[in-house]
Amino acid sequence: MRLLYFAWVRQKVGCGEEEFRLPDNVPTVAALVELLKARGPGHAQAFADPSLLRAACNQEHVRFDAAVSDDDEIAFFPPVTGG
Amino acid sequence: MRLLYFAWVRQKVGCGEEEFRLPDNVPTVAALVELLKARGPGHAQAFADPSLLRAACNQEHVRFDAAVSDDDEIAFFPPVTGG
Amino acid sequence: MITIRVQSDDFDVGVECESLTRHQGETGALVTFTGLVRGDGKLRALRLEHYPGMTEREIALITSEAESRWPLQGITIIHRVGELAPGARIVLVAVAAAHRAAAFAAAQFLMDYLKTRAPFWKEEFRGADSRWVAPNSGDDEAALKWR
Amino acid sequence: MITIRVQSDDFDVGVECESLTRHQGETGALVTFTGLVRGDGKLRALRLEHYPGMTEREIALITSEAESRWPLQGITIIHRVGELAPGARIVLVAVAAAHRAAAFAAAQFLMDYLKTRAPFWKEEFRGADSRWVAPNSGDDEAALKWR
């Protein structure tokens, strides 16, 4: 799967984009977040408090209980502040 | 006093502006309208139905029960339709 | 800054926006309303008549009322008079404020009040006929909601 | 006609108004909202980041929603990205309609939804410091009222 990070999530993780092989036992965005926390110190910091994060799956806003698959493009970011 | 007419009131009266000597026994806009009805056929047509008219005294919207004096500039016109 | 103009000339919305926000570093929101002559295939022209003197006076009152209701940084109102073809701009209301809620509300208030208080009258020309536009009861209701 | 642009270049409100109403003889009302970088004396710049692809997709969804709610004749949305100085234009929402109520309502709806759905993030630079702008709870409430 393709992971994208924006704003301070990108800065904490240390990159804006990475390829990731989704294990079989990770059915939801929330489970993916738990897994990503262990990926390194930057990820740990970025994903420490999931309530600060929002997610998109294939460029659509999704809740953390949404299903994910290895074909998806998943993005993590803080609440949007455009306009 | 100075009388001003706009839009179809102007067209029916046949002029946009006229000087008028206000008699003593004409205390309000409504009384002035009754008097103007008798001023000629154009005036009679313009003032036939006062409910179609609006008035301003010295460039301020006024109701027909407003007082008038010979020093005033009084305007008659249909409801406004700008903007 | 309040700018009020009654003119036969056209205006440029971009130029008016620019002059309303220049020197206004604290402006975050700029709302404009442009009213245009709505064509219907048969309308040949619109002629706008007004009451010089009272027009400017009423518009000044309306802008003061808007400033007393919302925290605004600037208002520009331009109203054209004379003959206008379908598609032509008639009126511009532009409002600058720190935040969008005030700018949107004030622009709507100004338009509702302009429509029901400012002494302008529209005459429509269709073919060889002309008729004075009747007031819109919706405009009266729109103005009443600000009471 | 719907126009959506995400760009680093500035835009001209007048030019966008003109292209939205050209060939639209039945337009009577044109409402624009321009969002500007609000200075506070200390703000050096704002940097706007976005999610290419999703941004255009979300804005297209928002404009479709607006068209399904009001009778509109055209929408233009331009959102700038990259570094912007205080006073710079950030976003333009322009809506053309036959009547002003629809144009005003749709412009406000579009702004409320842009603020809460379109994937943009603002980073503020003050002196040597930078910070990501926090979402405004007022924006969430403004968007909720359209549900």
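Think of it as A, B, C and D in the order they're written, each chain with its own count starting at 1.
Everything that follows uses one rule, which is that contacts are C-beta pairs under 8 Å (C-beta built on N, C-alpha and C of every residue); 3 or more make two chains touch, one makes a residue touch a chain.
Please read these numbers as outputs of a predicted model, since none were measured by experiment.
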| item | value |
| --- | --- |
| Both-way neighbours, i.e. chains that touch chain D and touch chain A | none |
| Furthest chain, CA centroid comparison against chain D | B |
| Separation of chain A from chain B, taking each centre as the mean of its C-alpha atoms, in whole Å | 73 |
| Rounded Å distance between chain B and chain D, as computed from the means of their C-alpha atoms | 48 |
| Mean-CA-position distance for chain D and chain C (Å) | 23 |
| Shared interface positions of chain A, touching two or more other chains | none |
| Touching two or more other chains - residue numbers and ranges from chain D | 35, 111 |
| Interchain pairs in contact, sorted by label | A-D, B-C, C-D |
| Interface residues, chain D side, partner chain C - complex | 12-15, 17, 21, 24-41, 86-87, 98, 100-101, 103-104, 107-108, 111, 138, 142 |
| Contact set on chain B toward chain C in their complex | 4, 6-8, 10, 56, 59-61, 75, 77-83 |
| Complex contacts: residues of chain D adjacent to chain A | 35, 48-51, 53-54, 57-58, 79, 90-91, 111, 114-123, 132-136, 139 |
